[in-house]
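Chain naming follows the written order as A, B, C and D, and within any one chain the residues start at number 1.
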Amino acid sequence: MSEQQDYEPRVVAFLCKWCSSAGSDLAGVSRIQYPANATPITVPCTGAISPMYILSAFNKGADGVLVSGCHIGDCHYLEGNYLARRKMYLIMKLLEFIGVEQNRFRMSWVSAAEGAKFAQVITDFVGDLQQLGPQDKLKRAENK
Amino acid sequence: MEKILDKKRLGDWVDALADYEVLAPAWEEDAWGYQPVNGPIRLDHPNTKQSPKRLAFPQREVFFTFEQIKGEAPRLTQTLPEAPRHAVFGVRPCDGRGVPRMDQVFNDYVEDVYYNTRRKNVAYVGLACNKPPNANCFCLSVGGSPVSTDGLDVQMTDLGDRYFVKAVTETGKALMTAAAGVFAEPSAADKKQLKDMHAAAVAYPQRAVNDPDGAPAKLKANFKSPLWDELARACIGCGICTFLCPTCHCFDINDEVQSKAPLKGQRVRTWDNCQFPDFTMHSSGHNPREGTGARLRQRVSHKFQYFHENFGMHQCTGCGRCITECPVGIDIIHVVNKVAANAA
Amino acid sequence: MSKKRTGVFVCHCGTNIAATVDVAKVAREMAAENTVAFTQEYVYMCSEPGQESVVQAIKDNKLDSIVVTCCSPNLHEKTFRDNAQRAGINNFTCEIANIREQCSWVHADKAKGTEKAIKISRSVVRRVNRNQPMDAIAVSVTRRAMVIGGGIAGIQAALDIANAGIEVILVEKQATIGGRMLQLSETFPTLDCSQCVLSPKMVEVKRHPKVKLMTYSEVQEVSGSVGNFRVKVHKRSTFVDPDKCKICDHCTEVCPVVVPNEYELGLTARRAIYIPYAQAIPASFTLDEDACLGLNPIRCGKCKDVCEAGAIDYDMRPQTVTEDVGAIVVATGFDLYGPENMPELGGGRVEDVLDGLQFERLISASGATKGHILRPSDHKEPKEVVFIQCAGSRDPAKHCAYCSKICCMYTAKHARLYKKHVPDGRAYVFYIDIRSGGKGYEEFVQRTMEDDDTLYLRGRVSKLYRKDGKVRVHGTDTLTGQNVEIDADMVVLALAMTPSKGTAEIAKTLKIGRDKDGFLAEAHPKLRPVESVTGGIYLAGAAQAPKDIPETVAQAGAAASKVIALLSQATLSRSPLIAKVRPSHCTGCGMCVEACPFFAIRLENGKAIVNEALCEGCGSCSATCLRAAIDVKNVTQMQIHEMIEACLA
Amino acid sequence: MIKLQDIRDTARDMLAKGEARAVIGYRRGSRGMLAEPAFLTRPEEADELVWDPTCFHNLSLYLVHDRKHLAHARKTAGAPVAVIAKGCDARSIVVLLQEHYFQREDVYIIGVSCEGTGVVDERKLAGHLNGAQAISAAFDGDDFVFTTAEGEKRLPAREVMADRCLECCSPFPKEHNLAFGEDKTGRQLEAPFAALDRFEAQGAGERWDNWARHFDRCIRCFACRSVCPMCYCDECVVDSITFPVTTATTAEEKASRIRWIERSAARSENITYLMTRAMHLAGRCTDCGECDRACPVNVPIRLLNNKMEKEAREQFGFEPGASIGGPSLVASFLDNDPGNFIR
């Protein structure tokens, strides 16, 4: 379908400053190419990501939302990613429950050393979103 | 214009109203609500959960859109509603009586172009109540009646296998004329049956506001009564009573910003509700109606005093929705009676 | 509030950015933002003229905040914040939009790259709009340090710190300092005597006026943060007053209890009252409470009876001591990977299969056999010894994935020492690769390999078991492709190094991270190798990763110099980007208190209060609060909200 | 079996002796059979109290009202408020205590066990009465007895009970000062989360179709939020102006009001509101079901909260309102929390 090929998913990627943002820097330094669909927002820690951010991003028209942080045990703040894991699990289940496609929300652990993994995570995510088409379930209608 | 409509031909009448989007009560999710008609309709609902007020006064109305490019003057574009013509069937008399009250409000000081644009496109086809009333119906005590035609364009009365259909307004006549062929002339027996049924309908016992005529003065005298706080102790401050009310019309206006640069958005009107704690919240933090008592007094006094003072009629039409649906048992009949009985 | 005036500076980074991002368009789009009063592009914003132009633009245009769209903030955030300050505006009103690493370098399509660069830049502009100017927080410093672990790393760190005139508390779990190094016989590649090198340092620790030594002690609780830690140390009771003990040894002669000697790795036994080594510091006996018949003079009391010095006190009680320190060095050392995890190598149950440390004790002049190599089972001199390298190391499937780094060297040393003690013996070494990076290391290994009676076999051992009074070792020589079977008198396993037992607990107590293998995690693998992720806590020795003695000493010195640098400051400045409570919204539910990993929040009069000295600004509180009543400064929910909006506009 | 007289005597006694500032219970309302919240301050009012299957309300809500009122009037609490609490209501009180909303000594919990039954579901009852109006309702063992104009109608409670009560295994208020009725903790009338499981059995597409319809119906009257004791925030993510403004509130604070959600009752906004609410109630909702009951347009709000409760229980071993000193769901974690969803 040509229509689907033209479609460019809009992704908000919440990256923790210490691991995943650094990992994305490494992907950059290594010049690993990946789709330009994800706009990063760097936060101190995945633990700082309120589920409200996820809902808000979908509400504002994101086709997918990525949360990425340090591997368990590697959190710069020791426990932030543990807290995030629980919160993000809950919001993921809730989204799934109301019938939002599972692939619209993704969480990953990408360390500062995993530049290639970062690129892969984005590539896979954008690929999956391309299959799904635009997200209009939570998206605010611009004119009604 | 008075006609007889065989129940089997109700669908034909609806079909003939091609210029209208026809709405009728349908059972959905454990409740009656107005739905676009596609297929057979049955008019045997007690009443709908929500009143039909939203047809002329929707919960959200866009007034205008705005746009401002940095350094330039803002550009405003008014957006008048593109309201389809609606014919709404099965409107109960209490809800019918809500219509002129809303007309009054939206045309008193200022003619509200948004309301009027929608309002002139709605035709209300009423259905008289000829069964024992609901537990919390009290139309009779607020000057209404189960067979009132007030606010309706057409009144239908269920005569068993057929409806007695009466045009109340010119709009109503047009609705009937559009399908002249489906109607028959009423016989004398039909008319007699109608008369008897109407007489029986008004004779059913109902709950009542004891002294509706005395209410405005009594409420006024009890403005400072501690009784209000007592009666409103259980109030949770939700919007059920007013949002379901056929005559509540308060609204809030907000700017919904879609884009910050360039600035782009809409100014919208949404329903508001005097029972919400923030309804009268000032930006200073002061709230003149701080407690639930003051807020209940506002709602009840508006229905039974202020509106009467302004327009010479009670705003409440006795549909009973606010009583039935209140999660904590606040009962406007009880409140009015209790306050009126209080020696101020 | 006066209108914001933000400047946006778009860097081309030569063609690094400009090749895939239409920088002019980025600048144009940013100029359309309501708060942007000035935009500029430049080929290298971080160059001297680039930086000057930023400073000039801030002054000329009365900017109150700036966004530089360039490379990662890790590179030039500080540069441009310094410039902001130089131009007279607060450095925290400068933010970096990363359009190089996160954009131009990873996207080839110019249109898409430009679109993304605009989104990134716009979101940072929106964020900066709500950045508050602020100053770093000044914290006073406690000019004392603590070193946890009294091995060579801890000893070295403690001495270096003490020699700088800073009081240091050395906490050791065992009855003596010295750690693993004290157990070694000779050290590679020089083969000098381990104890001879170490003892003087141990004595120096004991005598140094600035060192407070706490042996038989463990850290129980740590609160506070960099510059001001409060540490509770639990000191177990030794029941012997070290000041009175004359180490006359009379007590051990009468003690009726015999238990395996853990200092000799179970090769010998000791009494319930004992001294770990002759060189122990403190030079004093210790009464092992668990082994003793009951500290009850009616039941035994023999040692007390014979102690002429009156050093034994059965009523001595454990103590908990609270120490305030400004910095902590963690040097908790290593243990060996448990042989019980390796059934293929006997699972620790085959006689005459020793580990490297046991072998050290066997060849040590101070060890059980006084330096004679006698195998444990029958005390005969082993004529054929198999050394197995990488026992548990470099085996991601079953054991430890990492290389334990020192085994190649010490196995070579073992083989050499064996041959010295048993000239007619034959040594076999199974290895995977020989890793001998280090001064004089390769030469050392080569010399060992050149010995005709030391046979290096490249390959793994598949199994070993006891047979006819010998240990039969099945292995493969991958160079010849042949299976090898050796009936050895003794086998020595070069077991993998693991973090010492209790590393997990101490990491948790100190709130420092561990890596995937359980070693203490450094803050940055390259640039901050001796710092833990928690400010004011430093790492030294094998607790951080397997390493040899010189490396350990070097790292200990580095950690000490970090401590000295830290404690030389009168006050510390901390990042002001910490949590802030909006009391009007706070209901005092305490969820932030519970979520905070740093115990930095408490409730007071029904409202949350942030302890500025403890808060690290992670934001866990903010994401947990249901009312947005707590935010990290300059990363507020409001700012994230607007950034989300900007990303999707 | 609970004797109403015992409850009345307790209330009367407490008020007479000044042991309670007020007793919050249930009384017969002015509109037919339904009970309504009652606020007693005088001993002689104790006889107004009722205990029947229409005592739906989670009265802990009024403890929240009381505290807000005291805070506004700058008064201190004084004697405790006594409150009648069912199992779920008492758990709500525990959550409020966990969150330090008031102190344990400020409330006197008169626990009432739902024993083998629960509260009636008006919609289910209507189906059984064939249009007849019930005038009163009463417990009788495992039955409910309704009086209508035509006489008495006895129905097995299970047939007309609310889903939440059918699925409830803890009908006894563990946290109490005084409790009436038998402790039937562990009873099982229907499997926990039965209604949720039925809903979840649908495919994602069907679930969405259903929710889209439900979310479209929401009129944003906020009855769900207003009736919920856990929704005690002064300001909600959906309000444009409910801002706890005081004279000390700065202009900057007033301006920094995040508008996560628009006030318009549009589907996207309704979803975001109700999902946010479900997230905020995760680990706090004790399934009193009041939001679901109060909703005038029958949005099955309970399913959303139930979903969170189920995940919390199954994945994190978490029971809301289990103990006052217990952890909160989203501010705590376990080392072995599920993580295999993370790539």
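Just so it is clear, a residue touches a chain if its C-beta (ideal position, glycine included) is under 8 Å from a C-beta of that chain, and two chains touch if they have at least 3 such contacts.
Please read these numbers as outputs of a predicted model, since none were measured by experiment.
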Middle chain, criterion being Cα centroid separation: A
Remotest chain, chain D as reference, centres from CA atoms: C
Computed distance of Cα centres, chain D from chain B, in Å: 31
Intercentroid distance (Cα basis), chain B paired with chain A, Å: 47
Interchain centroid distance [CA atoms averaged], chain B/chain C, Å: 72
Contacts with two or more other chains, residues of chain A listed in rising order: 51-52, 56, 79, 83, 87, 144
Sites on chain D at which at least two other chains make contact: 244-246, 249, 260, 262, 264, 266, 330-332
Multi-partner residues of chain C (at least 2 other chains): 595, 624, 637, 641, 645
Interfacial residue positions of chain C with respect to chain B in the complex: 31-34, 122, 126, 642, 645-646, 649
Interfacial residue positions of chain D with respect to chain B in the complex: 29-32, 34-37, 39, 57, 61-62, 69, 72, 123, 133, 213-214, 217, 219-223, 225-227, 239-247, 249, 254, 262-266, 290, 293-294, 296-298
List of chain B residues in touch with chain C within their complex: 69-70, 259-263
Footprint of chain A on chain C - complex, ascending: 72-74, 98, 100-103, 105-109, 112-113, 115-116, 119-120, 123, 511-516, 521, 525, 533, 577, 595, 597-598, 616-620, 622-624, 632, 635, 637, 640-641, 643-645, 647-648
Touch list for chain B against partner chain D, complex: 29-31, 49-50, 59-60, 135-136, 233-234, 236-240, 243-244, 252, 254, 256, 268, 270-271, 273, 276-278, 281, 283-285, 290-291, 323-325, 327-329, 331, 333-334
